[in-house]
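Here come two complexes built around subunit A, the first alongside subunit B, the second alongside subunit C.
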Partner chain A sequence: MSDSPSKSPQESPYSSSNEAVRAELSEIDASIRSAALFFVISAISWLMLGTIFALLAAFKAHEPDFAGTFEFLTFGRVRSAHLNAMALGWGNNIIFAVGLWIMARLCRAPIHHKGILLIAGIFWNIGLSVGIFGILRGDITSVEWLEIPHYATPLLVISYALIGVWGVMAFRFRKGDHVYVSQWYILAALFWFPWLYVVAQIMIIWFPARGVVQSVTNWWFAHNVLGLWLTPMALATAYYLIPKVLGRPIYSYYLSVLGFWALAIFYNWAGVHHLIGGPIPVWLISAGIVASVMMVIPVIVVGINHHMSVVGLHKEVWRSPTLRFVVFGAISYTLVSLIGSAMALRTVNQITHFTHFTVGHAHHGVYAFFTMIMFGGVYYMMPRLLKREWPSAGLIKIHFWCCAIGITIMVVALQVGGWIQGLEMNNAEIPFLETVQNTIPWLKARSVSGIFLTVGHVAFAINFFWMLFAAGAVRAKQGPTLLDDSKEGGIA
Partner chain B sequence: MMSEDEKKSSANTVGREAMEKAAMQDEHMQEVHAQLMREKEEPHEGFSPVPIFLMFFFAALCFWGGVYLVEHSGGYRWDAYSPDFDPNAGAPKPVEISLFDRGAKVYRNQCAQCHQADGNGVPGVYPPLAGSDWVVGHPQVMARILINGLNGPIVVKGNTYNGNMPAFGSSGLALSEKDIAAVITYVRQEWGNAASEVTEPMIGDYSALYAGRSTPWQAAELKEGLGPIPEAVVQPVAEEATPAAEAATAN
Partner chain C sequence: MKNLPLLFCGIFFALAFSFTGLILTSNIQLGSLTQTTEMLVPSDADPSIMVMAEGEPLFPTKPVGLAQQGKEVYISMGCMYCHSQQVRRADFGADIDRGWGPRQTVARDYILQERVLLGTMRTGPDLVHVGGRPLNADWHHLHLYNPQITSKGSTMPPYAFLYETREIDGAPATDALQFPPNSEYGPEPGYEVVPTRRAKALVEYLLSLKINYSLPEAPILE
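Then we have the complex of A and B:
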């Protein structure tokens, strides 16, 4: 089936050969149901907790006295608790749910020993809870992105290994000859993440390398977590959901290949651009800059591939809760990556470095791109796993609009504010304190955006738990929940 | 591989007939069936070619990357930190900073807190340096103050100050001889002051002279027993300093 170059969206999804595949998918869904549900519930719980930490940190940035009497709520701790809750709590859990599910489906291989997967998942979340508690307690390390104290990390590594292995096993026992692009990304990322995490832990925390090698390792790790873990997982999800929901093939296999290998080759080098101007050999930084700019290649390729697969079907995209989020994320991927490449240039970096611009950029990537696509993934996956429909289209709309508006305000505020801040900091005539005071209106705008995001997350959580628990009325609902009043049959 | 798939699908066809009969009555089965039916085909890829202009664009990017690395790689040396480092230029030369500029930096860090950035001091507490006779007179006076410190009342520009100036020589805050020479030069040539430069060897001589002294100077003894003014020519030192330097040469 994969050999057919046909692009016709009319190809009937009801032909009998596909029906066998679809029955098989149902079996696969059943095999991963308990573990995936656990991961989604954990992910949403961490999302809510991380949102609270985020709000606290955002308010404290312009109201330093806010909750100032609680030691465990000081800015440094709350900020790091937010980062780790979001990256390792929300991010990893939702990847374990959506990524493993997509991998199992594409490999047409049910997850065996799902008990081990579930138990490993429980231990991942126990390890993370200990880690976040440790951060708030004051055992935080001084290394950005690796703040979790050393007594929690071994548990994280072991439980990750027991989770990731099921993705690899699914691939090992796959059926069919063709390996789809989502499988490449997921398989690669399942190896990249543990490699990054273990090497960084060893070289920075357990047996610290000497001198600036630590900083190089630190930014190699921190940047690659975004580019070689969150990014490939979100791209795999988009690559799966766009053709799946629209019933139309991905535009070009060749672009997929080019995009994947360009990411794999170039991204690994890019992190050093965080150290521009720092005391490390200049060739290393220049190599990082070149690699960052080279990232334009996979970004444009993926952008074209996604765009051409969607083009002409914008109405369907808008009606489907899944695709509305996924396409928002895919567009953000193009934007945030091109901005990121520009930020690596020395002349731009001299302005943006050490400013809120970088913070805005990080949220642009992790939220507007990764998180939005994962929201789309949850909207697609849950009806299949639970065999129920989303109870409320209204709540989905609130979720979408609050998140879309919220993240837009945040990115614009932090990047415009950060740019001004950078220009002012480079101007020796302006006293430093004045540059700090001038950021306050922009930081307040960020807090406003945080409130938008919170409302969106609450709407999402209500809809999710309503679907999960309120069986009676919800179970009776027929047909997919679409973001459109017209009742003509369709896609979710 | 194919035969396995075929077997499976034929088995499914047989099973499906029985299943469909049961499904007529079973509400749950109908529900599952509806779920199955809305599921579209698993995704696959088309084979549209890569647009040719993209290949040219990517080739241009790679070319740029190569040029950038050649220009800014610092010869892949571990000790090259500047993006403009030229491996063919020999060992990097230390940057030359004039005594006056160096002194300005030392002054900001060590002196401006009391004597103020404008050299006017604080009335009644810290004496002014701008226009002070003590500053622009014999260079040995300032050298003494800097090396050993100053204690007790002193009259500057008609006002009496009674304070305590710390020693910056080896027995005190231990500035280098070069820094002491630099800051004296700066103070003697800034804010309209136009006195001669004080060089590092001069301070070296004075330091050796007063190394044994452990007490700060009193105002009364500052001008006693001065040696001959060492030969020091006022040179135009830096662009910013030209007004002072010009004034000095005019004298």
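Then we have the complex of A and C:
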């Protein structure tokens, strides 16, 4: 492991070989171990369940008769079960694990009363299970990203509040002056998410606002789940892990500041671009388009900052399981965001709106960016929580390649297919049924991509539970598990 | 960054701006929209003010009875994940050219709906005006029972679980599905397929979806 070249441990708590600092981090790790393990286990369980729902939905999209006699597996429900299992099951649980762990470490504040955190986590997952059961049972709300029926959401809100407050408490009792960029993102996201969720629940489900105000609220919420919750958490993780693994600080502090504030200011206006052409006032849509295009600023800034931080160290990136995933995610962030800004332009949106292009775009963001970075976070966090190494480098490689290839196939298939679908749909001379049939080959390609992703997830889960339960069988290793045979040392 | 009050304020105001700008402001602009007549007329007292014409019917109207229950079925089946309910203006997409509605839909069209299902996906066609298209209840029932009967090659799933197949007891039921001759999807001889209450409600809802009225801000142009 290389030393931090430019800053002393005091100034740079995120990259240190100082014994005292390492001991302190170890103590913090111990304080959050049980809760973080619970969240990771829950996250991976939801990931597997969500993958099954995804495969069913993907397959049914081109074979509509498949399992067609089961009402609870009808497409509208199973795709919604997939979305919620992935967003609130995998996404939130892994954020609670990785995000809170990073926050505690950066604040150098051990977690106290971890029993409450654990119980809140258990209730979060109970609430979510009830919610997803409700979706399949037919109590789905048919409000995008808010499908969970009303009887489950209060439990989710309360458990979230009890979990989120732990991140804020860690921040409140932090040691040292320096507040690192990851802490801004995590603190902000922990604050933004409940605001968005509660407003959306009240204005759409509990006391429905009049007419299309619901739709505006819906997309303000839904787009911000990505923009102000998943994105800041993934960026915080990348900002934490890149300097940690490479042992050198982030390229530019000022770019971090600019990237953070530009994201905070612009992202939360962008969601209205999901309603372009719709029955809402045009000024709202224009505001959404402007904000979407302005997102180019934080995206380019963060992209430059991340790129300059890893430049010249590509070999190290490739050898580290953590960074291989994180850098894949960081590159995807730049790509997906620039595509997203383009999709908000009226001329482009006229074609991509209402098509599979948007579905591809959503997976590009939530999977290729967010999920890949969180995989990297798990690869870094687990050895430090469990004090043992990943059992199999081979399984990590399978995980990486299947996910990388799978998500690439999915995004390309849905976006090419979606673009053609949009062009054909806007040409009234082509019968609608013909445009539907022309999407089928692309939807089949998506099912193939789903098989790749499934294999990747299974490899990940095997490696994880192997590491967790079969400690005795895992050969005591010298140094971390790396992804090539080089004899040099390194950090996972 | 060391200026923490600034950090907190920034985090708060960032979201407060869009919450105010998008949510509260649109609520102010749209939250008090009411029903109106198809055309406005100059007021008797002051001809420069346009008012609702007296005695004319008000639009949009509220779906009632079975149709309202059908909307619950529509919601519980997740239909909106493949079917939008909005028509874009004439030169933006081909919504009107495809016959999905005679005019673009506007905010006022949705004011009486407790749950607005605009939708963002058109795996299937838009349905905001499906009740105004030349498709009757028999067609909808066959299509829901198995879309392949009416739309060969469709990717819509069958909703046969909303129907009951039973032995014909005496005379066939009046609401039994009328399958095309020799249809491979029809029941065995001596059996019939009848819609459940949920299927009837859903079809009633679909038939109630109509944009067959003008609004002052969105007239139907002949």
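The working rule: the second predicted complex is superposed on the first by the 475 of 492 C-alpha atoms of A that agree within 3 Å, B and C clash if a C-alpha of one lies under 4 Å from a C-alpha of the other, contacts with A are read in each partner's own complex, and residues count from 1 in each chain.
Criterion: a contact is a pair of C-beta atoms (placed from the backbone, for glycine too) under 8 Å apart; a residue touches a chain by one contact, two chains touch by 3 or more.
Note that the coordinates shown come from a computational prediction; the quantities given were computed from them, not determined experimentally.
Of the two partner chains, subunit B is the only one touched by A:Y239; subunit C is not. Of the two partner chains, neither subunit B nor subunit C is touched by A:I202.
Contact with both subunit B and subunit C is seen for A:A287 once the two complexes are overlaid on the shared chain. Once the two complexes are overlaid on the shared chain, A:D177 sits against subunit B and subunit C alike. By the touch criterion stated above, A:F432 is placed in contact with subunit C alone, subunit B being left untouched. Once chain A of one complex is fitted onto chain A of the other, the partner contacts of A:V168 are absent, as it touches neither subunit B nor subunit C. By the touch criterion defined above, A:V213 reaches subunit C but does not reach subunit B.
In the superposition on chain A, contact of A:A188 is made with subunit C only, not with subunit B.
Judged by the touch definition given at the top, the superposed model places A:V311 against neither subunit B nor subunit C. When the two complexes are laid over each other on chain A, subunit A has residues 177-178, 181, 279-281, 287, 346 in contact with both subunit B and subunit C. Against subunit B, the residues of subunit A that register as touching in their complex are 1-2, 4-7, 11, 13-14, 16-23, 25-26, 105-106, 175-178, 180-182, 239-240, 242-247, 249-256, 258, 279-283, 285-287, 289-290, 293-294, 296-297, 300-301, 304, 308, 346, 383-384, 387, 478, 480, 491-492. Contact residues of subunit A toward subunit C in the complex are 60-62, 64-65, 68-71, 74-77, 79-80, 138-144, 177-179, 181, 184, 187-188, 191-192, 195-196, 199, 203-204, 208-217, 220, 228, 257, 261, 264-265, 268-269, 271-272, 274-275, 277-281, 284, 287-288, 346, 350, 353-356, 358-359, 425-428, 432-433, 436-437, 439-440, 443. Partner subunit A is touched in their complex by these residues of subunit C: 1-2, 4, 7, 10-12, 14-15, 17-19, 21-23, 26-27, 29-33, 74-82, 84, 86, 88-89, 92-94, 97-98, 104-118, 120-125, 147, 151, 153-161.
Here subunit B touches subunit A in the complex through residues 1, 5, 8-9, 12-13, 16, 31-32, 34-51, 54, 57-58, 61-62, 64-65, 68-69, 72-83, 85, going by the rule given at the top.
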